[in-house]
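What follows is a group of structures, each given as structure tokens.
Next, two complexes with chain A in common: one pairs it with chain B, the other with chain C.
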Partner chain A sequence: MKLMNTLLATSTLALSAGAASAIDLTMVSWGGAYQHSQLKAYAEPYMAEHPDVNIIWDESSAEAVAKLRAMNEAGNISWDLVDVTVSDSIRLCDEGLAKEIDFDEALAPAPDGTPASEDFGSTLVNDCFIPQIVYSTTFGYRTDLVGDTPPTTVCDVFDLEKYPGKRALQKRPIDNVEWALYCDGVAKDEIYDVLGTEEGQARAFAKLDTIKDQVVWWSAGAETPQLLADGEVVMGSTFNGRLFSAIAEQNQPIAMLWDMQSYDIDGWIVPAGLAAEREAVVMDFLKFATDTQRLADQAKYISYGPARASSAPLVGKHADLGIEMAPHMPTDPANAGNPHFYDYGWWADNRDDLDAKFQAWLAQ
Partner chain B sequence: MSDITEAGPMRAADGTPLKKSLARALRRQKLRALALIAPLLIFILVTFIAPIADMLFRSVENQIVRDTLPRTVAALKDWDAASGEVPGEPVFAGLAVDFQIAAELKNHTKLGSRLNYENPGISSLFRKTGRGAEDIGKTFMDRFVDVNEAWKKSGTWATLFGDDKWLADQAAWAAAKDKDAKEPPFKLREGVADVLPVTASTYRTFARAAQQDGRKSPVDTKPWPVLFTALGQDLANASPESLGALGGENGALVQEVATAVQGFETFGYRDAFLDIDKGWGDLDKWETIKAYSPPYTPGYFLNAADLEKGPDGIQARPEQQRIYVTLFIRTMWMSMLITFSCLLLGYPVAWLLANLRSSTANLLMILVLLPFWTSLLVRTSAWKVLLQQQGVINDVLVWLGLIDDANRLIMINNQFGTITAMTHILLPFMILPLYSVMKTIPPSYLRAAKSLGATNWTAFWRVYFPQSVPGIGAGSILVFILSIGYYITPEIVGGTRGVFISNRIAYHISSSLNWGLAAALGTILLALVLLLYYVYDKIVGIDNVKLG
Partner chain C sequence: MSIARPEIPTPSLMGFTLPIMAIAGAFTGYVVGTAHGTPVPGVVIGIVVAVALGYVLAQFVPDRRIGRLGTAALAGITGMALVGTSGLIAGILIGLVLSWFAYWLSSGDYRASVPVYATAGDVLWHNSFKFVCGLIFFFLIAPIVVVLPLSFNAENFFTFTPKMLALDPEGYSLKHYRDFFTNSDWQGALWNSIRIAPVATLLSVSFGTLAAIGLSQSHVPFRRAIMAILISPMIVPLIISAAGMYFFYSRIGLQGTYWGVVLAHAALGIPFVIITVTATLVGFDRSLTRAAANMGAGPIRTFFKVQMPLILPGVISGALFAFITSFDEVVVVLFVGSAGQKTLPWQMFTGLREQISPTILAVAAILVAFSIILLTTVEILRRRSERLRGMSPS
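Up next, the complex of A and B:
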């Protein structure tokens, strides 16, 4: 009886403690299939383990930088964890809007004990950014519109004689100027040296001039698959996951061109200035959500490569389609023959300058 | 006659002069009226006027440079950019202190991204220097600690710079160990700022930062390395007599280290910075810092007008960077075109609405309003489906044999696409004011004109049209002002040559975070609208605008 009472008392205590600490976490992501993969791979398993934590989603990642700055100025941070691209994380870190992370302390080590900082390796690009997935901006083409010789290199995009028709490119200088210089004969490791000079930039724009009339410029990732499906363009760049769903899920006559795919990373930042107890919950979730198994699980739902080296062997089959996901990963050896590593530091410095030039060039 | 003797101010029943009593009643009425509109007034002030004022202010505000690098900015006053030489030691000495403080407070990258808008490359220069600047302080720290271990202790610094009363209060607070009580705010010792000015201000910043964190008292916080740099600079400039004024136990410590400082080898600040990053040797970086050191800048406005500050004053930007003037002109010109096509299409529809039988007119009205109730994005995307090269219109034309399959019309991702889609989207804003004005024109006027012998055209042009002008004015202003601020439709269907200035404003707000430039562009846009409104008032007269 006494035991019974003690048990009852402790469980009531535990319950009331649980209720008292019930907490809503607001996570910010991109919506769509990507957010769904996060929900399935991280959020649902975590909430199952921690019934006192409730995760709420906000699909504002595209405006995350501006909104976080506005929240910071108003002195009221209402987000707990924000999914951003590397370039946004650099801005947020520079502005002091994102918390600096001690990776080895905050993140789980690999199953074999390798510390997180080594397991993530080169995907750790600044002190605030916790990587999740590696994606790439690459080309897809219409298999029925390119004749018997499908394009094999990124330079085929610039070859109007061999592949007449329109191309879709992203309406920003990043990636496009690098591809242009590469196809103008600049060696891959010299691209940023050349781009650092006025002549180099002029050279890149001159190369883009050769196809300018045939380009449809996109600003949302969903546009290229649509343009390809409609036959508006013969080839176009977009995020590899978008092309995967057009090819594998919608069976469009589209194929991937992995040559010179431009790697980019997506990951979390924790807003600076969260209340201590809130931050503790966020860091606990973060440790869970970025461990080896969770990152590998995410690949079941979307064709983006896990940022941890130790997750790669665990990547399995697509949750609904049942196809092997590894061959669709941008990091798969068969696809990663000639990737392009986009220089975050260089772009952080020169993005605004080159963007102004790019816009002026577009308007000409 | 007695009336005359009693003449004077008329009085109310209670004896107060009538004039006064009336004024009081009127004032009460006014106050009541004001109280009634107060919620709206406050709402407008808070949500509309204040943000606009804030935006206007942001377009010139530039305090960040002076706030982050105060000593550097002061020292730069004596530097002449035209000399062709990088600033000398005093500027770099100021920078050494400023930059280390900024790095401790994590402000340096913020300033770096601000200045990067003006000079690409400063962002990474600042980021890199932020990682290396501490070494400058550590060099000084090693020298001081070699002289006396006491310099390593935070207590030494606290007793040297803290006010005696504050130290006592602090000790009492620490002894009480009351979690809820706040540590007494740091107070600088009197007179120490005269003897050691740089160190005193640095220590104050240090103490406030430590207290703001709320975790540790300055008495227990490890001293920042920059304090040693500052003290080294102060001691090099201080006279032995003034140091004597410090007195006490700490005075002896300072005097001891002051003698030792004479024996230190001179520290080369410039070389230290050049070691961290060669960028500090670039003249243009320093020109940028100097040019943007005043607290207010015309820089954003110059940029918004494709101008820049050059060595010889204001000059045009290089041709490959000019974009905003083109965009402003395009926005104005295309908005006028959209307004005109809305008028052309909307006028007959509004006429029909006003003159048909009411049952037919109601049906027509629903047709006008239906797209108005549909999502903007849906309508814009629908135009994409219609206009694209493999789209409905091209397919129909090819099927009819009017155009060749190889030469399909390009109707989207250009100005034609923007004008078409926006005309469709804004049409109701033209039709509705036109309709409400036309509804008030009695049809008998037209019949009267015709019965007096006017032709159909004369009757319309001389009698009907002039009466519909107020509706045209209202509709045109509405459509024009809405269209110059549009950005989502041009973004989706505008391609490269059909985008507006608002697309760039959106980019600078949400993507590049250059809010100053966005504010300057917005201010110019606002000024242009007000100017056009003024011109419109002069030509047409604003009294001639009616919404119904």
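Up next, the complex of A and C:
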């Protein structure tokens, strides 16, 4: 009986605690330094202004599509705002799992009055996706393992004679096949035409074959910095912010190779089917978190470029180190000499096919 | 040694001790050589050094203490000269092991723990068995032991830095432990685990014990079928239970709540309690409950005063398993929980995937220490209670 009473008492306590008047928003992101920058630049200032809103983080962006599908089937949407890559946002938008946004109405205009849709410009790629940052997947190399002539082009990754040793590449075809074709002599603006043919794909895999036994395949962004710090690999691709952190914050002997960096955009989607009053709070937060100043603030904590044109002049110094952040942005003119623009439309149509071919090639 | 053992003939130096020393040397040389990227020269040097060592110790140094300390000192100095502080430690260890091995072989000590009538085959079998047991123990423990020093790394990577290998105090730091105790994510996760695991354990133990007692009654129909259903969470792949629970709990509004996670973990813990309690019930004498009833005790009183104390060891070990199941569980909580119920294993999982931070190693070290303390305490309590009841610990 005593046991029963204790159980009842604890459950009542737990229930009453859950029914407090404050609203809990669950935001889904990628964890690590990136989520930390969102916490510092958006969430903490917002919670300071709105003490009744409490933001909880869930580091589940990697499986956002699968989980949102399951939530939709179960009729129980427990996420309020989800940080996804463009390609995931296209899938979620097509399946009706993400809410369509009227950008000029939902988002704040630039300080000079330019409407949001113009300020975000080409980073607005579909009707559901609210961009935050431009990042790139690019290479870093060990300065002490490359001799006196550090690599200058992405094709040095494919040059085992000049730079012997292991390389880290992401375990997916995206970016890797483009780099392979580029280094096999295909002009930059013809890469996707060549990749559209069977022979072109075979050519890309043949180029990758030349370094296959020297490649360490990674799937989490933190792996390449770890491998570089260990000296396990001579060079490796990862997100530029991860390399910035290893170089500037952890003082590792690593340098950036910006040639053919592959631009991508990361942003929010609002899950479809939230209750009306919840959605109102989410939209209010979204307006705040994507305004010009907030996006510029985020760049104090991580070296990703703000998605708004009006934020770029406001990018300042690193919050702890006090170094200028602008030269570390992938969009900085010094770094953007020869970038690669990843074709979302092409990949949306061909991804499943090339993923299967890539997996088969890996297993050979 | 009051009984005189028959004289064991000293084994042949050339035909026995030195060949085996050569094998041991080759193995050691291979390990050391691989660490420096030169396995083949390592093997050759290892064989030469080990054979010379075996010959010198067996022929000229009868005093074991001098022989072993001398070898260790020599090997340590060589290691120090070649590599540095880490070479000193490795050298001393290798010297101690190899010199012990040389005396163990050359003096015939390897026969000491087998009966005198054992054949050469028996002796070989006995010692290989011991060796394999030692190897298994090593493979179980080594991954855990590696984690402990890495958790004191001053860098933010899973790497033995040169400073750490040189035993430089600057290479070590407590910052990952500090991060664990000050970071609100980790503290929130710890607090959630502490709130969930004991309640889930309590539920598992209550229901599991009752189910085990009920199922041990011979008159219950379909005992085997019911038992199989209750045990199924242990057998069905976790991901299937998790997906099922996710959809079921979503319908009834338990998904993403504290009680949802507690109930899910209780369901996972119940099979462990049923199995351990059923095992102790096999040795329980039913006539004791009849005797209690004969003396006027009701079923509830009989249970708490007679049956419960006797099956307590089973209940406690079941509770321990249930607790650890809940405390270690990551798959089900990822489905059934929401971000508000993020437990320690969940936090470790996302931490490993998104950001390889040694804070995870600090947490792992703390959990290892915690598990050792928990298991030791339970074992001490169990022995004490058995001693108090006049039973010998079995």
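The definition used in the following text is that the second predicted complex is superposed on the first by the 342 of 364 C-alpha atoms of A that agree within 3 Å, B and C clash if a C-alpha of one lies under 4 Å from a C-alpha of the other, contacts with A are read in each partner's own complex, and residues count from 1 in each chain.
Rule of thumb we're sticking to: contacts are C-beta pairs under 8 Å (C-beta built on N, C-alpha and C of every residue); 3 or more make two chains touch, one makes a residue touch a chain.
For clarity, every value in this text was computed on a predicted model and none was experimentally measured.
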Superposed partners chain B and chain C on chain A - clash or fit: clash
First (chain B), second (chain C), both or neither touched by A:109: neither
Touched partner set for A:230, first chain B, second chain C, both or neither: both
Contacts of A:363 with chain B and chain C, given as first, second, both or neither: first
Which of chain B and chain C A:56 touches, first, second, both or neither: second
Partner chain in contact with A:217 - chain B first, chain C second, else both or neither: first
Which superposed partner A:32 touches (first chain B, second chain C, both, neither): second
Clash-bearing segment of chain B, relative to chain C, as chosen among 57-65, 93-101, 327-335 or 399-407: 399-407
Shared contact residues on chain A - chain B and chain C: 62, 230
Chain C to chain A touching residues, read off their complex: 155-159, 185, 199, 202, 206, 246-247, 250-251, 255-259, 338-340, 342, 350-356
Chain A residues within the chain B interface of the complex: 62-63, 65-66, 69, 91, 93-96, 166, 171, 202, 205, 216-217, 219, 230-232, 345, 348-353, 355-357, 359-363
Of chain A, residues touching chain C in the complex: 3, 10-11, 14, 18, 24, 26, 30-33, 35, 56-60, 62, 70-71, 73-76, 78, 220-223, 225-226, 229-230, 250
Complex contact set, residues of chain B against chain A: 106-107, 109-110, 112-113, 116-117, 120-124, 127, 319-323, 326-327, 388-391, 413, 491, 495-497, 504, 507, 509-515
